[in-house]
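Letters A, B, C and D name the chains as they come in the text, with residue numbers starting at 1 for each one.
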Amino acid sequence: MTSISSKSGYGALDALRGLCVVAQTPFDAEGAVDLKSVDTLAEFYFKHGAAALTVLGVAGEAPKLTQDESLAVAERYIRAAQGRPIIVGVSNAGVAQLAELTAQVMDRGAAGVMIAPPGGLKTEEELFSYFAAVFKRIGDVPVVLQDFPFSTGTWMSVASMLTLIERHPQIRVIKEEDLPSITKITRLRAGTGRRVGILTGNNAMFLPLEMGRGIDGPMAGFSHPEMLSGVYELYTAGRVQEAHELFDTYLPLLSYENQSQWGVAVRKEILRRRGAIKSAVMRSPGPVLTPTDHAEIDFLLSRLDRALAARR
Amino acid sequence: MTSISSKSGYGALDALRGLCVVAQTPFDAEGAVDLKSVDTLAEFYFKHGAAALTVLGVAGEAPKLTQDESLAVAERYIRAAQGRPIIVGVSNAGVAQLAELTAQVMDRGAAGVMIAPPGGLKTEEELFSYFAAVFKRIGDVPVVLQDFPFSTGTWMSVASMLTLIERHPQIRVIKEEDLPSITKITRLRAGTGRRVGILTGNNAMFLPLEMGRGIDGPMAGFSHPEMLSGVYELYTAGRVQEAHELFDTYLPLLSYENQSQWGVAVRKEILRRRGAIKSAVMRSPGPVLTPTDHAEIDFLLSRLDRALAARR
Amino acid sequence: MTSISSKSGYGALDALRGLCVVAQTPFDAEGAVDLKSVDTLAEFYFKHGAAALTVLGVAGEAPKLTQDESLAVAERYIRAAQGRPIIVGVSNAGVAQLAELTAQVMDRGAAGVMIAPPGGLKTEEELFSYFAAVFKRIGDVPVVLQDFPFSTGTWMSVASMLTLIERHPQIRVIKEEDLPSITKITRLRAGTGRRVGILTGNNAMFLPLEMGRGIDGPMAGFSHPEMLSGVYELYTAGRVQEAHELFDTYLPLLSYENQSQWGVAVRKEILRRRGAIKSAVMRSPGPVLTPTDHAEIDFLLSRLDRALAARR
Amino acid sequence: MTSISSKSGYGALDALRGLCVVAQTPFDAEGAVDLKSVDTLAEFYFKHGAAALTVLGVAGEAPKLTQDESLAVAERYIRAAQGRPIIVGVSNAGVAQLAELTAQVMDRGAAGVMIAPPGGLKTEEELFSYFAAVFKRIGDVPVVLQDFPFSTGTWMSVASMLTLIERHPQIRVIKEEDLPSITKITRLRAGTGRRVGILTGNNAMFLPLEMGRGIDGPMAGFSHPEMLSGVYELYTAGRVQEAHELFDTYLPLLSYENQSQWGVAVRKEILRRRGAIKSAVMRSPGPVLTPTDHAEIDFLLSRLDRALAARR
């Protein structure tokens, strides 16, 4: 077992409660990284209730960046966060590259890194070996363990996850996005070992129910993060019915954005319309919205406006 | 190319519009097929607006039945339907078994069969070879081609699907449940060949938008089929906003049931509560609901009741 | 844990030593099952040293048969074996169908059944649940557990396999065809639980080394089964170098047949040339040999003839 | 279509005939890259008949290296090759990283790069889009297209490969390691478009037959590259039977090394014994040989020695 130093480095992840936005990576019209939009987008997220950000995830188009670009994006987000926690996705089948990026971003002030197991781990034996190699290599770094089997192709049972938590004290938070997430959260919380944070993904499609199952907040992207933070606040204040009502108001749009990379294209377009980023472009290869898609977005946003007006 | 006889056998699938419910297979508490509940469930579906039923799909637990049981369930549904169309899922990696079940159910009065490509077809060449063998073997039988890659593991591009439609006149309907379904529907409809019906799956999660993209109705399971038929009726009557409003009222529950086999367990429980089937049990191996799950269902149903009351 | 009766039913599998041929299913030129060739092929196998046969495996084109055909083939092999053990492949994602076929073939005199886990078992929890359901359903039947992850897509660690052996006394034999098989055999043999037989697959590509690692014989198909039985005999007689020499003489042809379904087409062609079956046809969809392929087979067989002549 | 400049850069790949060794990456006992052993290993390969080397492939443990290490290994091999062609594996799901490494190694004198499609390309449409993005980004660089579906999970039909060759003039060589390779080679050679080189992989398990099907040589790793170059020389000199005899002499060892990463561990151990590298260690996570494995290697090498002695 790795020994964890007493330094305060684990505090940020241990204290994480509320909304952690899965941040987009903005590009300009030519596909170059747009660092100025990182600033405006970070400001947008925090203004709408984010307690922390996760950058360079799958929805952040991380696999399309060079290593230098990854580092530049992470650094800019860290600077823009002005002390609020930035978690950096570093998942990589190659342990050496994973460890290198981890060291670089921690050195620049990240609060921790997020790691999902790569595809191709065939048995629990291989899963445990992989993480033994990873944790040995990265050392004393706070980690979010991401359980996202539909993306990675590697499934972890609750028992396996509890074993990983027990073996590796660096794991402070689980990002749970297996389905059904709700039953898995209940079973994780019933585990008798060390308490870790649980944040949920799946674009927050089940957020209020997941709150009822014992999570610490959502870790998700959405064009309207104020809903995610609002649901969290209402639910933790005991206003459960209001939390559901707020959630349901946005659910048609949330569901619309919950369509993998195409949904990310929609989200970026709405973020652009809201002034959070300058260009909605996704780096190639990626989806491109058609006029029909744009008209559908218009329609859904106008329905949302009316529904919000009716709530007031 | 197979030549299609002029017999009226293709009429039922060609005329298919509106709600086609993906039907559950009821079991009793010991896990035996409950044919009496087939009768009550079929009545329930038709009373709530079904124009047709699809039986023995994945959500119908078909892979857990013996061949004799499959045939018994199909027959009972056909009898209960009293002339309304029953489509029978016959997907099978083995062409001989697929053809045998097809012949048996067509002989007993099915309106057609639904076929998804099996997993393990590695190239379009293999996809085309597989369907050439299938259509040669089954002959002159109306077919719903199911595009459900997340379940089968075999992806079909729009171009491939249009080729299959062109080569095999037996294909009368596409069940589209790739994601995003909406963009794929638009591209299928833009194809210049023979017109086929398009019904959509994915538990109808995008039904009103899919209606706007040109589908002929939903082919989905839901504990409240009256919503699916209602959205279809409203939309085709030009009452688009009302269609969306009706849909959105049920969306939290629809989304809750959209969690693969666990969602099917929820659906069967609600169908039981509504008196449509006698027991909610799923045949082993399958999920079993906990008291926490039941309480969540209570909560969601009471919220739905209130929302429906507010609409009146 | 299932309790195993004291009836002698387990004796055949427990006593299994030597060559167990993975038998082909013969078809006639039109693709119908050729039961007369089952008789001649069974005779051929036993004449060339088979101690037992495994029928209806992947190489036996089982997935292309109807259930009735499967049963007819199994019955015919059982009759032709005249008391020697026939193991029947019954693998099926559907437990009901698996159990039904198991009961039918055991009733007709099979020595046991062979079961591989289906694809789609995502965690060890799901693996154990699947087999719990299977063994509960089939009851007191001797089983060969097949470990063939490249075909099934489901990987089992040595630890998982030892757990299954411990939990389910019906498991009497392991068919080991993960790669490297040799290291896995060593680790299985190092397990401290109940002894089971280990036979190896992978078309016997590593047979003499696997003998050195502690197996009880090959379970494989080959157009020249006399090599497989010969290597087994020599090795168990302590004539290790001779066993290797015999093996190496056939290795180019063995390797040539070790090319999945295409290799099976080659094997059937050579079995036809040797008079063991009437037609080499594989049921559609399946590979068809070209004149170039036939010329290559001629070439390899003539090289084999010369090499065998040189050994005399 | 990309236009190809008239510069001589394509000459090295166009002229490639004979043995192209898939080179190992040597590490020291602590797992650090051992650049001195790159020198001795390159010398060993060329001394035993290599016409070119492919570095940073899967067998070269490329996924375990950082980007800087990858570049250092490639550079060292280029220097050690003293003008002979070095092909660098640059496969990466991320086009940006792929393009960056391509530019870096071409700048340092590589003869070309080898690219396999990543996993997760679901249709031919996606396959073509991926390579359109790749070739647009890397520009005028000679490319080996690697067809290795068992490793990548992405299958390419012959028709798809011919389309890629037609669209992208940068493709000069195919590395064919689908199975059966022999029939695919025949079908590729029957394609009527631009001629490309075909080298074969699969650890050269079918080398002499592949020669007969029209390849230009092997691209494979083996502890005894003199066999690979010898078979090529004999075959091209018309001495077909001798080519087969030489091949068959080494086949038991070749097959033994043909066991994925475990086979690579064996290969590195034998290369160490032959003085080609200083340490046989594979970077973690990777297989570690046991005393039993070492004894088996001793046994196989002594058998090889005897067989070679008998040939003289």
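Here are a few things to note about the model shown:
To be clear about the criterion, a residue touches a chain if its C-beta (ideal position, glycine included) is under 8 Å from a C-beta of that chain, and two chains touch if they have at least 3 such contacts.
Remember, predicted model here, so these are calculated numbers, not experimental data.
Counting C-beta pairs in contact across C-D and across A-C gives the higher total for C-D.
Residues touching across the chain A-chain D interface largely coincide between the two copies, over half of the numbers being common to both. Work out the mean CA point of chain A and of chain C, and you get 48 Å between them. The mean-CA centres of chain A and chain D are about 39 angstrom from one another, to the nearest whole unit. One finds 33 Å separating the Cα centroids of chain C and chain D. Across the assembly, chain C contributes no residue that touches 2 or more other chains.
If touching chains are joined by edges, the resulting network of the protein chains shown connects every chain directly with every other.
Of all residues in chain D, those touching chain B in their complex are 122-126, 149, 155-160. Per the touch definition, chain D reaches chain A in the complex via residues 63-67, 69, 93-97, 100, 119, 129-130, 133, 283-285. Every residue of chain C that touches chain D in the complex is listed here, in rising order: 179-180, 182-183, 186, 205-206, 209, 212-213, 241, 244, 247-248, 251-252, 255-256, 259-260, 262-263, 290, 292-293, 296, 303.
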